[in-house]
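What follows is a set of structures for review.
Below are two complexes that have subunit A in common, paired first with subunit B and then with subunit C.
Now for the complex of A and B:
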């Protein structure tokens, strides 16, 4: 087992390799392998894995790539993520990707799928329409068709049609992945100083561009290091949940600033897609694709991308804050992010009703100045410590 | 800039005004009349289905644009921003919520009734879903019927998509309408209304396609949203709508016979200098000023994409009384903003060619990602495929802070100069 610092350094490198060289190298080892890029938030990676593929999360270019062409494709009042993605597509970053999936989370991502089609990027690019009807025989049937389309797309490339056993095996690996991630968050709930939010972020984001088997090993090793061993120093920090950063990712400097300002981030939605399904998907079944459908319909986490009438996300956020024993919420959303920003007033109201303090700010993935954010988070921390 | 002169109006405009006034009056008296009220959206609207239950539709985005035209939207938007809505998000939503927080007074000055049903026809705009999640909290206890319209990502309507929608209609939407209205669903009545819809649709398409003539007798964008289109959403399926479109078509035919150009609030356009296709919604807060810039330049919009958000009838779709629920599903999926980006490009290219356009212009709306995301790529593609000059201006739906008259006028003047130069060059080549 490697030491923790080495693991974290490796994860940082993998997380921000905008050429996805690890995934491309993996693909090059076997002619029947495919790599399929997907955008935030959630995509059931199990089906790609079962079809001898790797689903690679494309979370934007962040502050790691200068955007030149991308700005010519998007007006100033559209969020930053798609301009980074189109920049990568027009450069060589996404060469060797076989296909692209654009999950239905907003109109920007939806229209980006059309831009990829017009630009003829990948052997397929598909807008992945999630049902907003959560009855198995209505929305579930529709979702099943969506999943089968992806399997057909991949089969057309590598002629692999996964068997029931292949799918069950993949589901099992991703169940393990989700369980390990939750364990990591559970440890951080108790001992947030043992692994910083930035380190946690590196570890989770790295999982989007390596195999699930490799990621599971990393998570096991990290847990081995931090579950029973002290690391770092406990500070007099408040405990916060960060909400609203599920698509365009905050720059690392922003996450760091929140922690340096005296806030332990004990839960967040940065890598929400990796934690989307709550609990296990049935991994020993005659109908594994149907198991994925049921998991989405019945056990999705709350998100701004999911119609929530009858299951309000404000209540679910408050429940999370209580479960994590957090002191407050930081609403941190990308500028021009309709889903997050349109939800914000209602989520704030739910927090107010539950007596949970909160602050909010907006960012771009390439924001470079954090002084104001740090001051705001610091004042939030001080006010809770002094008066809450 | 203020409008000092009285706008010039045609018979159909007056008829429209009367029909809308009557509808808003009926809405204001809905409770006394025992009528149930359904809040819903224009794209993917189920007007025939709502009317078949004798319920009255209210369209929040129409209220928002009316507030914009009546200079009330800025105050409403500020109200919504006060309760936490970001400056960055859709101004229709903020205007609507602000209006509700201020007593929900409709365009005619009468209070709009609270909804009995929130019908979320989730078609072509992600924000619709968030909008109704917010309305559900403003009106606790009011049932919400969600109709999820799948996107045409493959550039076609698939059988399984129709099946998904029909199932939602049968098992989610119609039972809620029955419950709220207290009436049983009557398929025959719906089918009968759809016969009227198809008649109106035939007439509407004739009116819109009259703009293929040179000179065009109509403006298919400003007039399209001002008096050609609005009746369609609220009255489609009724005999009144058929009468209205008959009247309008007669009027257009008269203009064609007399060789007249389009009527505008400033008067008739005497000389058609530039024929344009336009993409994107108009600005509503300065609607007349905006239209006048085009009028002053002799520019007329021969066809537009925004007038197709309520349905792409010019592509051949008609409500089909022999298959009412399948037909409603296909209608929803065919609305312009539910078309994939490649379909949108193909359609605009077709428009530029079929309507003999001199140019293609985008009015990019700050708070409408459904339209705006991808428009710069659309612009390049149209320029590449058709060779016509493309123009690009920016404004907003109902937030007056994002309408800069001088900037827009300046950009349009440069654009028209470019079109002029191109005409000169082309005429020399020929």
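Now for the complex of A and C:
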């Protein structure tokens, strides 16, 4: 087992390799392998894995790529993520990808899928609509059809039609992945100083561009390092949940600033797609694709991009804060992110009603100045430590 | 050392690092040591660590003997500490500690000036601060003094010798520096130039106080609060504008941030102890 620092460095490298060389190398080893890029938030990677593919999360270029062409595609009042993604596509970062999936979370992503089609990127480019009706026989059937279309897309490329066993095996691997990630968050809830939020972020984000088998091994190793061994020293920090960063990712400097300002981030929605399904998907079933459908319908987490009648996200956020024993919430969303910013008042109201302190700010994925954010987070931390 | 509760505060500013060691054993905590060090292009966290080692040696203690080591300012970069407090929170507390009747604290630091309205328990109620421009800051005074070949220590006393101060731009540091060059070439005396700079900064501080609707007494903290020329300029400007503010300062004004950090650290030390006992 490697030492933890080496694992974290490796994860940082994989997480921010905008050429996805690890995935491309993996594909080059076998002619029947495919790599399918998907945009935030969630996509059931199990079906790609079962079809001898790797689903690679494309989380934007962040602050690591200069945007020139991307700005010509989007107006100034649109968020930053799609600019970076189209820039990557036009700069050939995404060459060798066989297909692209654009989960339906907002108009910007929808438009991005159109741009990929016009630019003829990948062998398929699909705008992937999720059900907003959570009845199995209505929204569920619709979602099942959508998933089967993706399987057809992949089969058209590599002629692989996954068997029931293949699908169950993939589901099992991703169940393990989700369980390990939750264990990681559980350890951080108890001992947040053992693994910083930035380190956690590297580890989770790396998982979007390597195989699930490799990621599971990394997670197991990390857990072995931190579950029963002390690392770092406990500080007198407040404990916060960060909400609103589910799509365009915050710059690392922002996460660091929140921590340096005296806040332990004990839960967040940075890599929400990897934690989307709560609990296990049925992994021993005659109808594995249907199991994925049921998991989505019945056990999805909450997010601004999901219609939530009957299960309000405000209440779910409050429940999360209580479960994680957090002192407050930091609403941190990308500028011009309509889903996050439109939800914010409702979520804040729920926090107010539950007596949970909160602050909010906005960022771009390539924001470089964090002084104001640090001051906000710092005063928030002081106000809780000294006067709550 | 037995049964003593030490707390320490480290305030990393843009020019100086300030360190305070307190004995927080009793209700009325006392400062038992203090230290400042100019950063001089070194790694601030490294300098802070060296300062701590000096303090530890002086008192025969080590990190583990400090009940709460708190940082403030840019001190969040210090790796080994118990907690970090925001600069405004610590200056408010430090100012109140040095002058208990203060209801406003003005932190006159190297990069900006902050006027802070505080409550009876040193809580920040409201604040105003100078904007991006450096013309209202200690760094600006330092730059000008360097152009004029003065040490920072003599700036205050030389300012007091002015008889006909020449006021420079109060808006932009670049313009003000150009003003100073012109003044030198016009033969304006050094005391009159320095006094003019102080008056310019003083007028900005008074504008801050007005927009904050500040009340008296006002405690002045930060490095510039020790500059007697600056203090005189402030009093003159206040008299000129008819504002009746009672200004106070303290020989330890530069330590206000570090002192506030050590004090809040002490407060948190006991709070955490209480929590521990509750858990038991």
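We adopt the following convention: the second predicted complex is superposed on the first by the 388 of 388 C-alpha atoms of A that agree within 3 Å, B and C clash if a C-alpha of one lies under 4 Å from a C-alpha of the other, contacts with A are read in each partner's own complex, and residues count from 1 in each chain.
Here is the rule we use: a residue touches a chain if its C-beta (ideal position, glycine included) is under 8 Å from a C-beta of that chain, and two chains touch if they have at least 3 such contacts.
What you are looking at is a predicted structure, and each value in this text was computed from that prediction instead of being measured.
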item	value
First (subunit B), second (subunit C), both or neither touched by A:90	neither
Touching partner for A:354 - first (subunit B), second (subunit C), both, neither	neither
Which superposed partner A:160 touches (first subunit B, second subunit C, both, neither)	neither
Touched partner set for A:10, first subunit B, second subunit C, both or neither	neither
Which of subunit B and subunit C A:386 touches, first, second, both or neither	second
Between subunit B and subunit C, more extensive residue contact with subunit A	B
Partner chain in contact with A:341 - subunit B first, subunit C second, else both or neither	first
Contacts of A:236 with subunit B and subunit C, given as first, second, both or neither	second
Contacts of A:378 with subunit B and subunit C, given as first, second, both or neither	second
Complex contacts: residues of subunit C adjacent to subunit A	68, 76-77, 80-86, 88-89, 123-124, 264, 267-268, 272
In the complex, subunit A residues that touch subunit B	72-75, 77-78, 82, 104-108, 110-115, 117-118, 126-127, 129, 131-133, 135, 137-139, 141-142, 145, 304, 307-309, 312, 333, 335-339, 341-346, 348-349, 362
Residues of subunit B that touch subunit A when the two form their complex	83-86, 88-90, 93, 122, 125-127, 129-134, 136-137, 144, 146, 148, 150-151, 153, 160-161, 163-164, 167-168, 171-172, 340-342, 344-345, 364, 366-367, 369-370, 372-377, 381, 394
Partner subunit C, residues of subunit A touching it in the complex	233, 235-237, 260-262, 374-375, 378-379, 381-382, 385-387
